[in-house]
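For reference, chains read A, B, C and D in written order, and residue numbers begin at 1 within each chain.
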Amino acid sequence: MSVPTAEEIMTFVAARAVRDGQVCLVGHGIPAAAAHLARRLHAPAAVVVHESGAVDVRLRDDDPLTDATVADRALTHVTLGSLYGEWLQAGRVDLGFVGHVPGAQLDRYANIGSSVVGEYDEPTERLPGPGAAAEIAAWAGETVIVVRHRLQAFVEQVDFVTAVGHGTGPLDRALLGLRGRGPVRVVTDLGVLEPDPQTAELVLTAVHPGIDVEQVRAETGWDLQVAPDVRTTPEPTGTELAALRTLRPASTEESP
Amino acid sequence: MPKIVDLTTAVGDLVHDGATVALEGVDHLVPYAAAHELVRLRRRRLTLVRASSDQLTDQLVGAGCVDTLVFSHAAGPDGRPPARLLDALGHDWPAPLRIEEHTHPVMAARYAAGAARVPFGVVRDTGTDLPHHTPTITSIRCPFTGSAVTAVAALVPDVTVVHAQRADRDGNVEIRGPVGLQRDAVHAARAALVTVEEIVDALDPAPGAVVLPKAVVTAVVAAPGGAAPSRVHGFYEPDDAALRDWADISADRRRFGAWLDAMAGTS
Amino acid sequence: MPKIVDLTTAVGDLVHDGATVALEGVDHLVPYAAAHELVRLRRRRLTLVRASSDQLTDQLVGAGCVDTLVFSHAAGPDGRPPARLLDALGHDWPAPLRIEEHTHPVMAARYAAGAARVPFGVVRDTGTDLPHHTPTITSIRCPFTGSAVTAVAALVPDVTVVHAQRADRDGNVEIRGPVGLQRDAVHAARAALVTVEEIVDALDPAPGAVVLPKAVVTAVVAAPGGAAPSRVHGFYEPDDAALRDWADISADRRRFGAWLDAMAGTS
Amino acid sequence: MSVPTAEEIMTFVAARAVRDGQVCLVGHGIPAAAAHLARRLHAPAAVVVHESGAVDVRLRDDDPLTDATVADRALTHVTLGSLYGEWLQAGRVDLGFVGHVPGAQLDRYANIGSSVVGEYDEPTERLPGPGAAAEIAAWAGETVIVVRHRLQAFVEQVDFVTAVGHGTGPLDRALLGLRGRGPVRVVTDLGVLEPDPQTAELVLTAVHPGIDVEQVRAETGWDLQVAPDVRTTPEPTGTELAALRTLRPASTEESP
């Protein structure tokens, strides 16, 4: 079996964030693959809810992850009004994923800017916009952000706050009335960042195989702190990789 | 108007210049056939409401049909806003485009308020900067708890357009698989146009299917394949190549112009 | 707590004295078995939420379990409020009863706000005198249009109790036929207890059935016949004679006392 | 076939208020029977929506009207939140029925008091309460009230306004922002009352077979006006009566 791609490594790392029994809200791409991979590897009782409104999707062992299989294997479908109101805003989602948005900014407090770069009315770049990122970051019990690690994206402070991560420090979420722990992990193609429990600032806690800390610093637009016990992400086993490739046979075609 | 009509009649009679038109469906049941009819009929000054704005939005904006876009996400298969949309926003081509940007959950809450005909709905404040730039969302106090909440203005489209698997001859409609915002957008609208893969004598809804009763449906059009290149659960899968190829057409005003000419010629 | 438990454990663990408990179901799927367990366990000072308050409400009120009743209609088969309820309201027997009276649509809106965890919901003002007497409903202005609308306080029961046709072993629940307020009342609650006719290996939902995923269900109890004398679509029809006979029991404190003794003796 | 009961006459008169194609919202008893009878007799395209949430119930010719047949023959079921919000409040109900509530008051402007007789906090009689009467009277395109005609119930002015009919006169509905025409017909066991187009006051427009105007006046607590062309309700034909008795074989057991 060929070596894992960067996207596959990101999927494994994201999957490891899923604990058994959690209700996970996922969108297309790495988040959906990560949640279903977790169900196959270590979290068989995780309840996967898709942003399409498919609730409790239990793919069979040989099912690829497609829109068709997700729809067919859902326990039930709910309207997006129900999904966002009664599930997400109501606090029934334990773990929410925010997927990669090309061009979006992420700052040292894990706030996300996916609407514009620059001024809102005269942007230097128009980005796709929020989707449900603001609500996922606000109301899920915890949030995992999946993003490509590029200097342009990892900024000191986002130009526009599309979604609040930790605001300007450890007290902001409580002051704003947000629920849960907010972003607990940022999974990039270079490593993993987690908020410091004291300051809420993102700290590098792991680097992926073949990546060194200086590479990560070079792609980070603030003075990135590195955890004293920074780890190297373990490589997936052959069994793990096979499980992922059953889910996403064509994933190498897509960009992360 | 009889319930079951042809596409040109339905779009022509229901969607007027200057109207607020919602076209909903994400990846699944995207109403392309109806959107292309809007292009052919050269509708102008539309307020287009489309939460997940993709190739369909790009086509209507590029064709000059839209002057305001209400949306919560705008991206093609590469995850970036499509080129015709960026050209309109950045260079006023073919015309200036005003935008009203919300989150998906706010779009859902706006439709829900519209569907119940109350002037606004209530969501919790997430701390996003978006309300500072959009007049249809604001902060108010709960009269019971005193806490701050976010009020969102009801959205009542003049017409909502959706695609579905099937309708019966009375105009009752069945949607299988993900239903997205479509049910609420139909209920919210003053009129609803539904294109379907097939018209049958009697519905035989699948478990979990959503039924839109004829009383909320203004017109039904038989438009097999009318959601291609998106998917229709139980009928066809997405045409990934066609979706990817759109980026090349959209990237270039001349190529887009050729697409537009070809589209106009097929009416 | 495991999802599938016996009735005494479920009611005993989930419903505490002083709790706000919603028991919903009109004519269909009325959760009598769970209500009778509340009587046997001598729960006290409950705020009972039951939009259509019938014999079940009458039994809980007469048994002294309830100090506040939130409702929108209270009648037995003869169309009049049942006798134990009137005795509590008129003569404080067996204890004073506070009421909070809404309309059915306001009850639905209160549950919907609770289900979305917003502090209030919005309905249109009908001109009824009811808001003058109830603190959980008031008039506010729309921040967009300036028009007066009615705000209703979110209802978040500590526990909602409903009856359903079946559950699977994971605790997913299927409701067939009319679903009433049950779905929203379950979503609104901090905990949900569902009694079912049967527990099956896997659900096979009928078209149009409502599925309550296990994530919104705290406990499931196998209680075949647990909605009698009301009906359960696909299982049994109402016991009209038993429903009518209740009026005679309820009409008389002594006869009601005998019913209560018999109920307590069956624990 | 035996002669029609008072309840059957009321059902026929209520059924005649249903026009073909209308969306009708009905509760148990006479309203449901009237709407389904209308579908069999003159309004086959009427869309009958039950307060249980059963939408577009099309009973077959030999179906009795029971909770089971209503559930089985519904096109779809909706939650009560959807029924009251998206159907009734949104103006998608053309004709709403308000059924008989024992002890309830009705006044000369067709306002309904079904919460209490007397003061709210110290009532002389506690009544069942509103159900959805306030919203039906407020938001349906037009409302038909079905009620037993008794002096105690037909009062000059209700003690407590549970549901607004025409308020205190012809302008009140518009001032209150209510939709539609409000109560257009009151069907009693003695006759039919309709609001005067100028004053909105209820006027006697028909008496049932065997009832005379003085009997109706004697059971009405205000100076009841009588239409100059007051009619006698036509008796149902044998076919009509047979159609009703297929629907409600046991209806003679129940009180109207």
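Points worth noting:
In this text, contacts are C-beta pairs under 8 Å (C-beta built on N, C-alpha and C of every residue); 3 or more make two chains touch, one makes a residue touch a chain.
Please read all numbers here as calculations on a predicted model, not as lab measurements.
Each chain's centre was taken as the mean of its CA atoms, and the one lying most distant from chain D is A. Mean C-alpha positions place chain B and chain D at a centre distance of 40 Å. If you average the Cα atoms of chain A and of chain B, the two centres end up 27 Å apart. The distance from the centre of chain A to the centre of chain D, with each centre set as the mean of the Cα atoms, comes to 56 Å. For chain D, the set of residues that touch two or more other chains comprises 76, 85, 89. Across the assembly, chain B contributes 116-118, 123-124, 147, 205, 208, 211 as residues in contact with two or more other chains. An unclassified topology is adopted by the chain contact network, corresponding to no line, ring, star or complete arrangement. Contacting chain pairs (ordered by label): A-B, A-C, B-C, B-D, C-D.
The touching residues of chain C, counted against chain A in their complex, run 115-118, 172, 187, 203, 205, 211, 213-216. Considering their complex, residues 50-54, 67-68, 71, 74, 76-77, 79-81, 83-85, 88-89, 100-103, 115, 120-121, 126-135, 137-139, 160-164, 167, 176-178, 255 of chain D touch chain C. Listing the residues of chain B that touch chain C in their complex gives 113, 116-124, 136, 138, 140, 142-145, 147, 149, 151, 153, 204-209, 211. On the side of chain C, the complex with chain D involves touching residues 26-28, 52, 71-75, 78-81, 86, 89-90, 101-105, 108-109, 111-112, 123-130, 132-133, 147-148, 177-181, 183-184, 208, 210, 231, 233, 237-238. Per the touch definition, chain A reaches chain C in the complex via residues 23, 47, 55-56, 75-76, 85-86, 89-92.
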